[in-house]
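In what follows, a structure is listed as structure tokens, so that the remarks can point back to it.
Labels run A, B, C and D following the written order; every chain starts at residue 1.
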Amino acid sequence: MAFLLFIVPLVMAGLALVTPSNRWRPWLIPAGGVAHLVLTGLALSGGPVSALQGWLVLDPLGKLVLGLISVLFVVCSYYAPAYLALRAERPNRFFCACLLAMLGMMTLVTLSHHLGLMWVAIEATTLATAPLLFFNHSPRSLEATWKYLLIGSVGIALALLGTFFLAYSSIREGLAPTLLLDDLVRIAPQLSGPWLHAAFVLLLVGYGTKMGLAPMHTWKPDAYGEAPGLVGALLAGGATSCAFLAILRFYQICQAAPEAAFAREILVFMGLFSMAVAAVFMIRQRDFKRMLAYSSVEHMGILVLGIGLGGLATFGALLHLITNGVTKGVLFLSAGNIHRAYDSKLTDDVRGAIRRLPVSGVLFLAGFLVVTGSPPGGPFISEFTILTGAVSGGHYAVAALYLALLAIVFIGMGTTVLRVVQGVPSAQAAATSYRDRPQLVIPILVFMGLSLLLGLYIPKPLNTMLHDAAAYLEVTP
Amino acid sequence: MREFIDPILVLVLLLNFVALGASRLRTLIQAVAFQGMLLGILIILAHGSFMLWVLLMAGATVALKGVMIPRMLFHAIREVVIRREVEPIVGFVASLFLGAVGTALALLFAKTLPIAHEPVSSLVVPASLSTVLTGFLVLTTRSKAITQVVGYLILENGVFIFGLLLMEAIPFMVELGVLLDLFVAIFVMGIIIHKISREFSSVSTSMLSELKE
Amino acid sequence: MIQCLVHIVLLLAMPPLLLGVIGKTKALFAGRVGAPILQPYHDLVKLFKKGSVFSTTTTWVFRAGPVVGLATALLAGMLIPFGGHAAPVAFSGDMILFAYLFALGRFFTASAALDTGSAFEGMGSAREVTFSCLAEPALFFGFLVLAKMSASLSLTTMLDGTFPLGAGAAAPSLVLVAASLFIVLLVENSRIPFDDPNTHLELTMIHEVMVLDHSGPAFGMILYGASMKLFILGAFLLRVVAPFKGSDPWSDWGLFIVGMLAMAVVIGVVESVMARFRMVFVPTFLVAACLLSAFGVILLLR
Amino acid sequence: MNEWLIVLGIALHAASGVPGLFYPADDERGQRLSLAMAVVGSVSGIAGALWSLWSPPVSGAMMRVDGLVVCFLLPIFLIPTLGGLYGMEYWRQSQHPRNGRKLRLFYGLVTAALAGVTVAANTILFLAAWEIMALSAFFLVTTEDEDRAVRESGWLYLVTTHISTLCLFALFAILRSVTGSYSLEPLPSGVASPELVNALFVLAVIAFGCKAGLMPFHIWLPGAHAMTPSHVSALMSGVLIKIGIYGLIRITSWLPDPPVWWGGLLICLGAVSGVLGVVMALGQHDLKRLLAYHSIENIGIIVMGVGLALVGRSLNCMEWVLLGLAGALLHVWNHGLFKALLFFSAGAVIHVTHTRDMDHLGGLARVMPRTAFFFAVGAVAICGLPPLNGFVSELLIYIGAFRTLGIGQDVSWFGAAFVAPTLALIGALALACFVKAYGAVFLGAARSRHVEHAHEVSQAMTGPMLVLAGLCFLIGMAPILVAPALDRAVQDWAPGLMSGTRSLAVVAPLGWVGLGALSLIVLAGLAGVVLIRRVRSGGHTSTGTWDCGYAAPSERMQYTASSFAQILGGLFSWVQQPRMHRPDIKTVFPGRTVFQSHVLDIVLDAVLKPAYRVGAKFLSSFRFLQAGNIHAYLLYIVVFLIVLLLWK
């Protein structure tokens, strides 16, 4: 089972490489997505999944991320063929293959309980995404890809060093050397403090780069700004979640060790710092796709903030992982449609999107409102839970800062979004033939529906999963 | 055999300075290639035996870091480069000075970390950290895209040196995976450099600042 | 019941007499014989017999001005105690109704002025509502003082001359309030030194300029209502200045009538010896009135 | 049963805009259907609310209906439905095919959400309904988003309402952390530290103050009210901003042991809001902005009443509580009635003249007599004058304020006594302002061509006005009718304090007020009859206005709204900050020239806009950090790494 989960997408990727037809190839993506979803459904509902003597284990946290990735991918995959049909002039062989390979690698991340293996999988995800960013083949997309690749690789090299440090911290105390998560959690109290400390910092910076925490977020606006909306959605909802999962793994070890207080402190700091940086760059942002990237930075900040606060906020952060992922789908896909229609992503050119694209425009606006935590969307519940967690824990200053930053972000993002959706399209706006069509808006509607559903009612299985995951994360031996 | 480790590590450190002081791309790449070969040797020395997987590992390292990647880089500069100088943002003397400071810092920082009772060598941790810092120096102070790839390689070498302490802890498969990932990364970077040179008719990354606020 | 009837009769019959007394006083000061004291009654009767001229721009609002002005004055007159007698209508909070009735009258007279579309009447109406903005708080500060001193919320008990706190404690505040109310009285009734009921310079008038276009019975109603307002506010002020109460109800009525006539004389004297202030000083005086009564409140509450 | 009627009402309102979506853009059947649904929903809702007055309070996990809720449900179900009827003519689907359906969708949603907020009994439901209400209102405000000014108003509204929502987040998060549950119920005394309770109170004041438009949180209100279609303005001003008052009243009833300064703070804020609101209103040329600033003023009056009640609760004085809160609640109703009436009649004017600028209007009373009459009723009511309803509620607050002098009991708190002169000032200023507005719009002669084609509006528009005016008279003349509902609400607000023996009818002279109003009307009627008879018998002629001998007066020489308010504007220029654009006269015989003046908002234009500009500039100054230079980016990573390593 464990193997099937990531092998199937890889096989589909291989198929995509050898399929000759540029027209039919994209349909492999939904096929892969559906297959993956079915497998995921089986894995989530079935008994424990593990393989390779505990190297691959599907634990509650992994389940959560795996479920998110699978749903995200399958909905995006329905969008992909229509999108690629719009860009029929481009060869899409590598695009399709890399998209599927990315899915496989992300799945591997969620499964791996061996930290070295996890590193390999995350690095592979980075490499698989690079060609996706480069899909437009423009100088700008080239630049974005270069930055993404170099900064991502450097960051991930630091993560490798951190992983080594972690391993060394056990050798140093004369324990059996291991990189297996379960073993490390078990022996965490005996690990060498300074090494663990340094390892956590390196890992946080390393995987934080991948996740897009400030100040390692610098690749994000470029990459999200230039990538197709579809890729943006998968990156912001899926790839970043994988990196977050990696951080959670190490946090789990720290949690069990005496370093917990330090780790929490740093996580809270990084969370607030990321939100602040995002807020700074969102004010007067003219490029609405870059704005989404900063929004992603902000939400990554919220995630680590929630984890750092602990208690109820942990639950909130895990829920936010899901709600944010789904809502980012709405935003990126609708922004992609608007970008296509206007052939520009600057607010100077893009006006009156609701008049031009009634569905995408409305969904973009709705997505903005939901993602900023307006009830009754899903992110509202999670952001509110994190706030409650902060207050319950007595972190009043953090709570106040959190709210203030949310307000600034709202102002910045709102200004840009309203400029895009309201008003009348200017006469100079490029006349493209793009119109909303079902295949391009249904996935967005599905994401929106999911997001609203999560705000009004959290289904029982998901609730159990969240509770299991929170308990799993907070558990101390 | 462990008595050879320290001299080789010193050699690695010296190569860092060579890389920092190199004014020609060719020298820079050669220094890194040499460093990669040394790493292969270090694997054998650190393990102290000639078991098959150790030899395989060392061979792979030498082949990849010492031969294939440098060759790819040489190929790249042959194909695209107009000027073969390293274009530094910070001067060579200053770079060397910063490198020295970095090495000193690495030694100091390593002091604060406790070392295992039976270390492979007490120089491993500072050498590793210093190489990582050198990598960062090259990454941040050299403007050409290709030199940044080299910087990344040095950085990766530094991480690799630390891996010497953990020969037993890290399974063979994972090590190979790491190497493979490194190779693919460099490969993709090579492709991109190629594209960049076509698009921008230069490989200086200072051209790549179109995307900004 | 009898007292109540007397009250109503006095309210209806006496107001024009005050105007006559004021006019006579001024004439005497000026060394003239002056019109008879009962002249205002003749004027009113004459006006009610005359025909009317209406501007073509006007609507029902123009007619409503005099009507409402008179009706509100009548009702307000039922709330105020005359002399030592209780008002026919007294309840807790009646002073608020008292003040707001005049405000209602003002709303309609000012609107009626605007209905003519004349710039002059617009000016007068603007001045009227502006100055009352400053007079109202002064009046309410006065109410606060009176309410606190008498521990009651009804005009009748406020003004019946009993002071639970002790007259000594109340005296300073009372003096301040009386001064403030006197200013309010002069302003509200458009007397010199704030306004000149007899002037013919439209640009400097407040109240008179608002009624330039009214004629005949409507104008009569306005004059009657205005005199009633003077009478009522005068009665109020009289009770603040001289809260005496005799033993015999009929002597109280006599005292009241004498007091009112005396007040008319005082007003006449003030009008004779003072010049009209420049318009820009009116707000200043009103603010002073506000401060006086506010200070009265603070003295009492400290 | 009663609660299900309310739920049915909410559901019907929420769905009322939906059927219209399925009709073509110029088909009016959808509009009629939506109105029918709203009417049925309102009948059901009002019936349920009234029924609740005579049945035990409903208090479930999701829903709560008590006296306080009923007090707010009644206007919520009444006014939007009248607005819907008004909209049949004012915003005909066939004339607004673009945005009519969207407008009605959110109109129904906002009504339902308002009712939802009042009945919600747990945090999540409350916040969800709150935000649906806030966002629907945003879409209503931006109905005509092709206009730049509308977009700006919408943005300002959205930002303010979101800040209010964030404050609510904080508020409920703290409540949750103290009580450990999401259900909304009174906080027992001693559970939370006083500092925390104070924080809750301050957050509530900000959050609900933003929504209610209390100064200095009112910045969104004038623009939002002025830019929307008039029936939406009526809804917003009449009921939407009252939901802030509901929140404030509700929260203060839950917080234990209020210190006196809470009430004092509310009284101060209310006084500032009341006085500055009306002063700002005086400076406006735009009829709807003027009305909007009057909403701020009336919110101030209401908040003063609430403050009085809070002081009463702190000092254990039930009469203050009764008078203050009942006055505030009654004023909530009254303001809903007369402000909706005013917006409806203002809307009728705008509908036929297509301008909101009062200085372009004039003389409409002759062509629109019914509208003019209704506006006059609204104006008299909003100035708090007898015999209409505004007087009754202000009277209650007045008496409450006088009572704080210590009349009839031993306790006194002089701070609250100053409410009385403040109210008097507000009342007089409001009177000045409405004489100005009424005079400029309806009286005199027409000032511009806008008025040429004016005509009386149809019964779909005057009908709702008639209902509202009738209710204004009813409450003004028979206030005793509303006393039971208010008693019940006050008892639910301070359950421990209010014993059953005290009631509003005992504490306040409601009977006398009714009698006074009646006799006033009778007296005025008599005087009117006398005048008419005398005029008839004396004979009358018509001629032009006598302009003191000037030979060629023109309508342009009339006193304008601006000139009317000029003296008061001078007295309050520190609030209004007027900006004059004077003509530059250079030659002896200057040509045609223009003079313009406008006033700024003391909070928005004088403080917040400059602050926003400085803030945005400051934040933008960090942009160089992301200048596209990859070396810098890598450097950030190293530096940050080193910082973190050195952290501890």
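What we mean here is this: contacts are C-beta pairs under 8 Å (C-beta built on N, C-alpha and C of every residue); 3 or more make two chains touch, one makes a residue touch a chain.
A quick note: this is a predicted structure, and the numbers were derived from the prediction, not measured.
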Most remote chain relative to subunit D, going by C-alpha centroids? B
Looking at B-D and A-D, which pair shares more C-beta contacts? A-D
Whole-Å distance, C-alpha centre of subunit B to that of subunit D, is 69
Between subunit B and subunit C, the Cα-mean centres are separated in Å by 99
Approximate Å spacing (C-alpha centroids) for the pair subunit A, subunit D: 44
When the centre of a chain is set as the mean of its C-alpha atoms, what distance in Å lies between subunit C and subunit D? 35
Do you know which subunit D residues sit against two or more other chains? 623, 626, 628, 630, 634, 645
Where does subunit A touch two or more other chains at once, residue-wise? 146-147, 150, 154, 158, 198, 221-222, 281
Enumerate the residues of subunit B that touch no fewer than two other chains. 136, 139, 148, 205, 208-211, 213
Full set of chain pairs in contact is A-B, A-D, B-D, C-D
Using the touch definition up top, name the residues of subunit C that touch subunit D in the complex. 48-57, 59-61, 63-64, 66-68, 70-72, 74-75, 89, 91-94, 96-97, 99-101, 103-104, 106-107, 110-111, 114-123, 125-127, 129-130, 132-137, 139-141, 143-144, 147-148, 151-153, 202, 212-213, 216-218, 221, 283, 290, 294, 297, 301
Help me check something: in the complex, which residues belonging to subunit A touch subunit D? 146-147, 150-151, 154-155, 158, 197-198, 201-202, 204-205, 209, 215-216, 218-219, 221-222, 262, 266, 279-281, 283-284, 352, 369, 372-376, 380-381, 383-384, 387-388, 390-392, 399-400, 403, 406-408, 410-411, 414-415, 418, 422-424, 455-456
Inside the complex, what are the residues of subunit D that reach subunit B? 623, 626-632, 634-635, 638, 645
Please output the residues of subunit D touching subunit A within their complex, sorted ascending. 124, 127-128, 130-132, 135, 142, 145-146, 148, 151, 154-155, 158-159, 162-163, 165-167, 169-170, 172-174, 176-177, 616, 619-620, 622-623, 626, 628, 630, 633-634, 636-637, 640-641, 644-645, 647-648
Please give the residue numbers of subunit B that touch subunit A in the complex, ascending. 112-117, 128, 132, 136, 139, 145, 148, 152, 155-156, 158-159, 162-163, 165-166, 168-171, 174, 177-178, 180-181, 184-185, 188-189, 192, 195-196, 199-200, 205, 208-211, 213
